[in-house]
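Take a look at the structures listed below.
The following pair of complexes shares a single chain, chain A, combined with chain B in the former and chain C in the latter.
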Partner chain A sequence: MSKKVAVVAVAQTPGAESKDNLYDQAYHVTREILDKSGLNREKVGTIVSAASDIFHGGISCANSYYWETTGAFLKNASRQDGESLFAFFYGVMRILAGHYDTALILAICKGSENPENDACTLMFSDPFYQRELGIQETIAAALQMRQYMDKYGVTKEQCAGVSVKNFRNALGNPYAHKRGRYTVKDVLESGMLADPLTELQVAPKSEGIVAVLLASEEAAKKITDKPIWFKGYGSSLDNYFLGDRNLLEGQLPAAAARAYKMAGINDPRKEIDLAEITEPYAFQELLWCEDLGFCEKGGGGKLLESGITERTGRLPVNPSGGVLANNPYVSRGLQRVVEAVLQLRGEAGEHQVDGKRKTALAHGTHGFAGQCHAVAILGS
Partner chain B sequence: MGKAVAIIGVGQTNHGRRMDVSYPDLVREAVLRVYEETGLSPNDVDGVVSGTMPSMMEGVALTHFYFADAMASAGKPILKTETCGSTGVSLAHTAYYWISSGMADLVLAVGHEKMTEGDSQATMTTVVEPWYQRYFIAGAPGVFSMQSQMWSVRYGLDEKKVRDAAAYISVTHHDSAFDNPYAHVKIRVTAEDVKNARVITYPVRLLDVCPNSDGACAVIFASEEMVKKLGLKKVAWVKGLGYRGEEYFFGDSDKAVWQSAVQAAKQAYDMAGIKDPRKELDVAEVYNPFTFQEMLFYECFGFCGLGEAPDLVLQGTFGRKGELPCDPSGGTLCTNPIGATGLIRTAEAALQVMEKAGDHQIPGAKLAFSHAMGGVDQFNGVMIVGSER
Partner chain C sequence: MNKEFKTIKTEIRLPYELAYGATWTRFFEGMSNQILYGSKCEKCNRVLVPARTFCPRCFIDTKEWVEVPQQGTLTAWSYVNYRYFGQPTTPPFIGALIRLDGTDVDFVHLLGGFDLSDFEKVRKIVKNGMRVEAVWANERKAHIMDIRYFKPLA
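After this line comes the complex of A and B, so read on.
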């Protein structure tokens, strides 16, 4: 990349149910971004949002509803479906192509008005074979977790340890939806949802209107003295039917390899200073850490026990509490970017990690057992 | 501006009522055809952009999962673009930006819809919020009928002349569909047939309306370096693109001089350096699910002055042998698998400037306009392609 793109402002709503309607929430977040960056609506070049119809309170073509409240009136705006890191990347593309100096990226999901997460994820199933069996995201994750423990000898206590860490981290995050001090025993005895997944190992259904403002290098200098630079991005999609896939050899290594290549990262263990990753199921944080190259295959449990991924560790993972603490389905990928930016800027408040951090990784995934992964690398 | 981008190949399904294939197989048909056409393989592309209408249409959410195999996109970077009816042109825009930004050299864009497996009018009614508008919006025809009336009243147009012009469009487009091997509705109709057809929502009658189609369209975009590397001579360079959206509530904006359409076209013209579209463009694929609306688009895109469209239509200005032929493929009026439709417009424009449109080729077409519209009269997107870099 000859040109550079920076994140120059971030904003988000809390994950708990808000009395504001979606329209007002989206307005407030957009307003906050404009105020933080000192821009008016006319100065924003383009807008790319992420939202899913099925997660959107029964409105189809989701972006038609929130078009004006996000400042898009008579602007060139577009939308990505399902994964908000797609929208982040599309905004980067629009700036690098030289058409726009700034891009407002928004992810919109009002979880409190949606059906249960898995009533929605059941709609990913094809209507003929899988849907009849009731296969949705939690069932798929349970199958994946069982395979993971069987193959690598990762224990259920190690998996539960992710919940303990992330709910504790969330105590310092004012935007988190769920937080608390739990023991491994609490997590394992929290009630079985889909064997072997217990309730405290499964992410909640949250609200999240999340926004970032992207800017070209020149525009960024005028807006902030703390730009966080886009360094790399990669995504990858897996085959569809669960039975056609090896759930432990997914597409995250391919997505990460693309992002690392673009960012010039050779040894993620040494060069990544913190990671915000999407772990809607506790064990997935361990599996994804392996896939991202933070430890060897099957080493996720030991990585957690070593304390490296604690907020005080060498490579903190989900210091915000991650998706277990806050799960606005479509918005969660972009929320990882927001959290990574707050950390790199030293503005994460009570959940700020120790020491100076230069390079952060933000990860998003959606679909059964991680059918699609996206990885973004950011640097100060 | 970023890097130059070209369309190098197009694959379409035989659009229609396709009860012989599943939805994934429909998508696979278009994708296989674009790879056959270009001689490329899925291994060659750097990324895939996928899109449809909302999930209520066929009852499957986030269809890029379901079509991972049909699009031969497993192991590939993926984007999922959705902007309602304008999805198809938005897919083309996404592919353009991906390459123009320098982050890919070959991108596959795939739009798809299998409308006979769903209820399109029920789906469209859910585009409007459930509190105020939903009770009034009886699917798409009601909206576009109101718009047609607003337009003809605005300019005091003679009702009979408008009716005759709309019938003319219906007759000529239905004729053109016979020259397009992929078109859905192939029937010969007369102006009398159109004017006597069953009323859907006044003044729109059955033969003024597009069908529900099953169909998919796949288009491969390439960087200039890749065009050179592959030694391609006939490609369609992207010359301009524009997109605009306006008020969500239908009653809040002027739909006769439709600002999202006017400004989307202007953005594309500015980029392409076009000053007089009727003279400079050789052919246009206007998204025309309704005959009356097509005339309104001609005016908003500057193909003629405001209120002038019916006269020019009746003079044949926009016919196959006219000054600016519009929808020689038969257009959306004869084929409408919505998530694919906008991309079909861009694909048809590309085929024209690549001189590959077969029996509906406009001789010597060098600069072509494509367009899609979406939302409850809310979004308009444009892409202009040309034979010259």
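After this line comes the complex of A and C, so read on.
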């Protein structure tokens, strides 16, 4: 039985709209990752996909439609609905359980074809209470942001600073969907959506077929000389109803603590070398940094201003541009793994962080205002 | 607007009929009578509103029904002034979290009862921590919008 699991190959599509159809696009990404790893389809042990069926795909029971595009013909495969970082961990466990030497994780989302994210996330609201009030993910995030700024005195300029940093980082990322040089003023004046959120503080809807090939220690050595090892994982889920939750004391600290424990990390500020985190709303990067233990409670704004989380900083956060720059809804958590792997391998190109980095954190979240969180630790 | 490449436009419209269940039937029927029901958990002593069949933290049945005050304190708000597909409420509107007196969770609803057309004016009126009160619709249908909105108390 394998004690260690490695990421041995990654592949992804750009976030911008393509004229390819989902079926062909998923095949092309699967083909690419197999070619990169030198495996043929028959050699892949098992497949775990992540997709959000009807709302983000326009087709129900969608895995039956795209199974063959993932190479799953005649294989043991299953589908995770929702956040793809969960699918990543299911793949890890299948290898750790000793049944498979390799696992392909494929997240599928073609955001350019969907209704706007708010229309989809309105359907995440329960039909009796929250949905009839019009509550969707953006409004939930705006309520959380109001409480965050009120409680800790984090300023709207500090929140907007996340957008400035991440869109600028995305200038170096060929897969990013949105990128640009903006000022804090540009971000704050970009048009109100749900106050205090403005347009440039809200992630777009992007395309993202994202693939990760996992392998046992033995199999990894045959496939690559640059394996990136799985070190730890944790997740934690909060209550459903928005009003039942303390939106500033969520489940990310619990998810992170589980991942840190598995990875043997005692001081994340010193031991994490870079983080790719899921911040569909700019301020959430600050709040999540606090929850991950990168700074003290309420210190997210100051952390950003210190420059530590810049691509050139001690602990770069979202050197790819993060989810603000690229938001393939379901695929975004697995995309954080892909970006972390590229950084640890030194293969991130123009958005490569400075210096040698050994340990990376990837974070995914789904549900309103971070109801559910997952954290993965990877190391070279 | 058509894209530069060949696409097919499709819509998925499917009718569903979803049961309210015993607890929420009673809760929403209470609303049609201008009563807000909550449930008290005998283990953690929290009063949950809307009423629940079980306490999601303690994972036991809630047995005690309580009539919840219709005044409370604003804990979060967002002025929403854009449209999205399926939106049931007409913008501009204000989504809000309200801690009703004597309860231990926030009640999600809308703020209103004053001029919402100018955000700068709204911002002068609405503050977290302000006191608010439910305003009932004249015609009620055992539905969450039987409360039109919560209005600021002077």
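The rule is simple: the second predicted complex is superposed on the first by the 375 of 380 C-alpha atoms of A that agree within 3 Å, B and C clash if a C-alpha of one lies under 4 Å from a C-alpha of the other, contacts with A are read in each partner's own complex, and residues count from 1 in each chain.
Operating definition for what follows: a residue touches a chain if its C-beta (ideal position, glycine included) is under 8 Å from a C-beta of that chain, and two chains touch if they have at least 3 such contacts.
Here the structure is a predicted model, which means the values were calculated and not measured.
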- Query: Regarding the shared-chain residue A:P115, is it in contact with chain B (first), chain C (second), both, or neither?
  - Reply: second
Would you sort A:N239 into first (chain B), second (chain C), both or neither based on which partner it touches? both
- Query: Does the superposition put A:L247 against chain B (first), chain C (second), both, or neither?
  - Reply: second
Winner on chain A touched-residue count between chain B and chain C: chain B
Name the contact category of A:A72: first (chain B only), second (chain C only), both, or neither.
first
Looking at the overlay, what does A:G134 touch: chain B (first), chain C (second), both, or neither?
second
Ask   = So, does A:S37 touch the first partner chain B, the second partner chain C, both, or neither?
value = neither
- request: Would you sort A:I54 into first (chain B), second (chain C), both or neither based on which partner it touches?
  value: both
Next on the checklist: Going by the contact rule set out at the top, does A:Q147 touch chain B (first), chain C (second), both, or neither?
Outcome noted: second
Message: For A:N327 in the superposed arrangement: first (chain B), second (chain C), both or neither?
response: neither
Shared chain A footprint, chain B vs chain C, residue numbers 54, 58, 123, 127, 239-241, 244
Chain A residues touching chain C in their complex are 17, 19, 54, 58, 115-116, 118-119, 122-123, 127-136, 139, 142-144, 146-147, 150, 192-197, 239-244, 247
Within their complex, chain C touches chain A through residues 3-5, 10, 12, 16, 18, 20, 24, 28, 48, 50, 56-57, 75-82, 84-89, 93, 95-97, 105-110, 119, 128, 143-145
Given the complex, residues on chain B that touch chain A span 1-3, 48, 51, 53-56, 59-62, 64-69, 73-84, 90, 93-94, 96-98, 100-103, 123-124, 126-130, 242-248, 259-260, 263, 267, 374-376, 378-379
Given the complex, residues on chain A that touch chain B span 1-2, 52-54, 58-68, 72-83, 86, 89-90, 92-99, 120, 123-127, 233-241, 244, 251, 254-255, 258, 262, 366-368, 371-372
